[in-house]
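Note that the chains are named A, B, C and D in the order they appear, and that numbering of residues resets to 1 at the start of each chain.
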């Protein structure tokens, strides 16, 4: 089938390639002229036969909103927009309503896969009406991994991004779990080869997982991670997961601890710990470290 | 080779079977007469040709200590004791010293595998001197999974149990990660089939793992886990992991949160939350729920 | 001076009384006819001489929004609205803009004091332009405690509610601190009188505080809090504090732990701990508690 | 009465002064000759009339143990040893048994007060048999604050140090609460004077407390704490509190979070966050910060 694909960054570019390898026609559009197949969103729309499917792979927030706005003007009733970016699930219903007012369908799709997706396939979680999802199914089939899993119609509009968001929240805590365990092992003298311990865990253990495999790869590159700073960014999904939990009064201690650990990693000097030091000094005359 | 195996419970019994399938001779001893091959620890020792290897698979703490004490009297210099139980790593050095005084070697071995070990093999992490480990190697080879991973000489005496303990700490946080994500997904209306979301995650995602596979199995048995109480026991390893982290001043927020969640799950009514309720009532006149 | 006061619940009613005791004229309006001085918001506005000050003490969210909307129509340029309710700070700027379009000033004011405020005074944190704050100052002076502290012009519009929100976040963690300590003391045999320990802490300790005093009062009422359920509600401010922290990438582990403890206290059976139990059963054959 | 006081550091020196001001005779001994009243522990014992009371104010662990050992030899049946240092409660029963074998009584006493104790009095929590406590009571009365609170017979041997340990655990979480709130307030633009917000909280609020007063003092010294590093030490009591909670399966999320925040503050670069960065890089090609 034909697909319009807006956004050809690290993710979008590889996805175009994977969809093409499956035999579909992809017209890609991006601001960067050298990778773009057309010169404008209008040209992209014009180059596709109706009813069209246009897949967005642009940054969440304003970029996605403005693309949805523009497509609402350019597309025809019966066309479908798929938001495959990292949009907050709360944006999906708004986008769906806006497009529905023009007779345009909407499907939200959370995409996981990173740099491995081109070869291994992308895990997909999508939300929307069954008839809209059915129209995009050939593309989902092209993108997903080869096995029997890896794609799911998670529910109504918003469910795809919600499921992907929770996936990322779980991912945060799993990464934190391995990170905490690794640091603890590295601190004790009796364990003489932490990397080999991690390597061995890849079979027969309860914690065997892809993230464990990746940690072994990372340690093979740099046994004690001495080349890295202990500095971790976070994307929106981790934050939104905690916010969603708060909205629903669900306690999320491990995932939230993982998010806060990342926040802390980005502070050169912790303001709150200055206050702790100041208070210790006030009541106990404890020595503080001055700058 | 010949092995003496003390303790034939859920783990020990299956391990005897797996070692025998690999062609070794195992003399098993347990208090339960119907499963025991001999009638006493002395008979077990007498039935093995020196230099012997005796593997303990008995409860950590007093039971292991008294077995070590007894074997210190029964065995000969050049024999080796392997503690494959869930002993605290701090006990290992004590046991090693005690046995070394009699010329007996000691190896500690953390064993992971649960009810799946008999067929799939057991992950093994062992600590001790190279010559002692080498003597036990054929048994390690029989127990470990078939692939290239699953067994590691982690370091000095104690390193095996320490590595296994950290494995379990990581396991706690990974389980908590999936549990938190599952609860959050179950609370939102838009996601109409949480089980299918979990199922789909088994390929292409960052969080694919054996624990994810098991969670799908659990949901296939009971889609909303309605047959279970939200009550989780904890074994010593989770607690010891946190204690080891405190000893080494390593922050372990996600693993500790997971341990505390289990503690909380076992309280019918939380004393600390009674105090919160009492304080809210004191300062705000907030309604409290009386019994 | 004259004040219009909208909302005469537990807080508003007592505040009317305290302001009147200070010699000011208060016209109160509430839906409950028996406590209301006038029959409508319009009558309240008409009964005050311009330039007016109208103080809102109504529930945050829709009730406050609709009152602001109505007052925007009823009031005159030069009048001032004070929102003394528990509004989210993000609503303040919106309300200020809406009213400013009509020439009406806006001050947000966080109020702390609970059932003790009538006699002891209310702690006040307010935000807004200096000239608007100055107009309300006599009322602030009437409401605040007698001493030199207890009232602050915290900054721009929104700063009052933000400061009050953070106050409540701190309050959550302080309450949790005492609650955790109390539970731990109650579990050990050697400490034979936990209440007397708490009582003694009221002088000379680092943790002496009003919340400690209140905890002693609560224990005097019910030494082991046996009459209470361990069930704690939460108001919006605790949640908003965590959300604000996430917005600003500030780690807030203790306050968030306190919020999650409350969430957990309200669950009859924890869904996430069911998943933990299910997973333990899957990999280890561990016994689970069925319903 | 007469008291022997061993250890004349920051705490012990001031306590000697306060006890003397109350009219008692104190014979102090310390290794530092310039502050010591006698030249040896033996001389201290010889200079007191039996039955004696000897109060230890020496570092927990080995120093306390060796002093107890020495006193067990020097003292007579009917004498009493008070351990006023920061010993772990688990040491108390051991010391009590050792001394009881010689007919010597033992009282453990947790002391809070820091640099403020000399003038304001020390909060005291003691454990032991009633007859032993009664013998020390005049000294407790001299040390405690002037008001009706500040001293408690908490229970059996060990209860004093246990109660003091929990006091410190609560203190950790209260300090963390103020520290988190302060950092959050400092990050938002709308709040233009965080110090004045803190100052105002000293009356009428739920969070008024001595620690709040101290935080205002600290901010008066250095409004944004710019002279300090965000580096906080921890004493044993915080760690022991968490360990005691783990022993008793009591969840302690806020106190533990506070302890871990201190651990983290002392790491120049977080090993665990290096692993997070490494994993992000492995699966997503996310940029990492190299050294």
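Criterion: contacts are C-beta pairs under 8 Å (C-beta built on N, C-alpha and C of every residue); 3 or more make two chains touch, one makes a residue touch a chain.
Which protein is which chain? UniProt says A, B, C, D = Phosphogluconate dehydrogenase (NAD(+)-dependent, decarboxylating).
What you are looking at is a predicted structure, and each value in this text was computed from that prediction instead of being measured.
Visitor: Farthest chain from chain B, going by mean C-alpha coordinates, please.
Guide: Relative to chain B, the chain whose C-alpha centre sits farthest away is C.
Visitor: Between B-D and C-D, which chain pair is linked by the larger number of C-beta contacts?
Guide: C-D
Visitor: Report, in whole Å, the distance between the mean C-alpha point of chain C and the mean C-alpha point of chain D.
Guide: Computed value for the inter-centroid distance: 33 Å.
Visitor: If you average the Cα atoms of chain B and of chain D to get two centres, how far apart are those centres in Å?
Guide: Their C-alpha centroids are separated by 37 Å.
Visitor: Chain C: which residues touch two or more other chains?
Guide: 114, 176, 178, 180, 183, 206, 210-211, 250-253, 257, 260-261, 264, 272, 283
Visitor: Could you pull out which chain A residues touch chain C in their complex?
Guide: These residues of chain A touch chain C: 206, 234, 239, 242-243, 246, 249-253, 256-257, 259-261, 263-264, 266, 272, 283.
Visitor: Going by the contact rule at the top, pick out the chain C residues touching chain D in the complex.
Guide: Those in contact with chain D are residues 89, 112-114, 117, 120-125, 127, 144-145, 147-159, 162-163, 166-174, 176-178, 180-181, 183-185, 187-193, 196-197, 199-212, 241, 244-245, 248, 250-255, 257-258, 260-261.
Visitor: In the complex of these two chains, what residues of chain A are touching chain D?
Guide: Checking each residue of chain A against chain D gives 10, 114-116, 175-176, 178-180, 182-183, 186, 210-211, 214-215, 217-219, 221-222, 225-233, 253, 257, 261-262, 264-265, 267, 269-286, 288-291.
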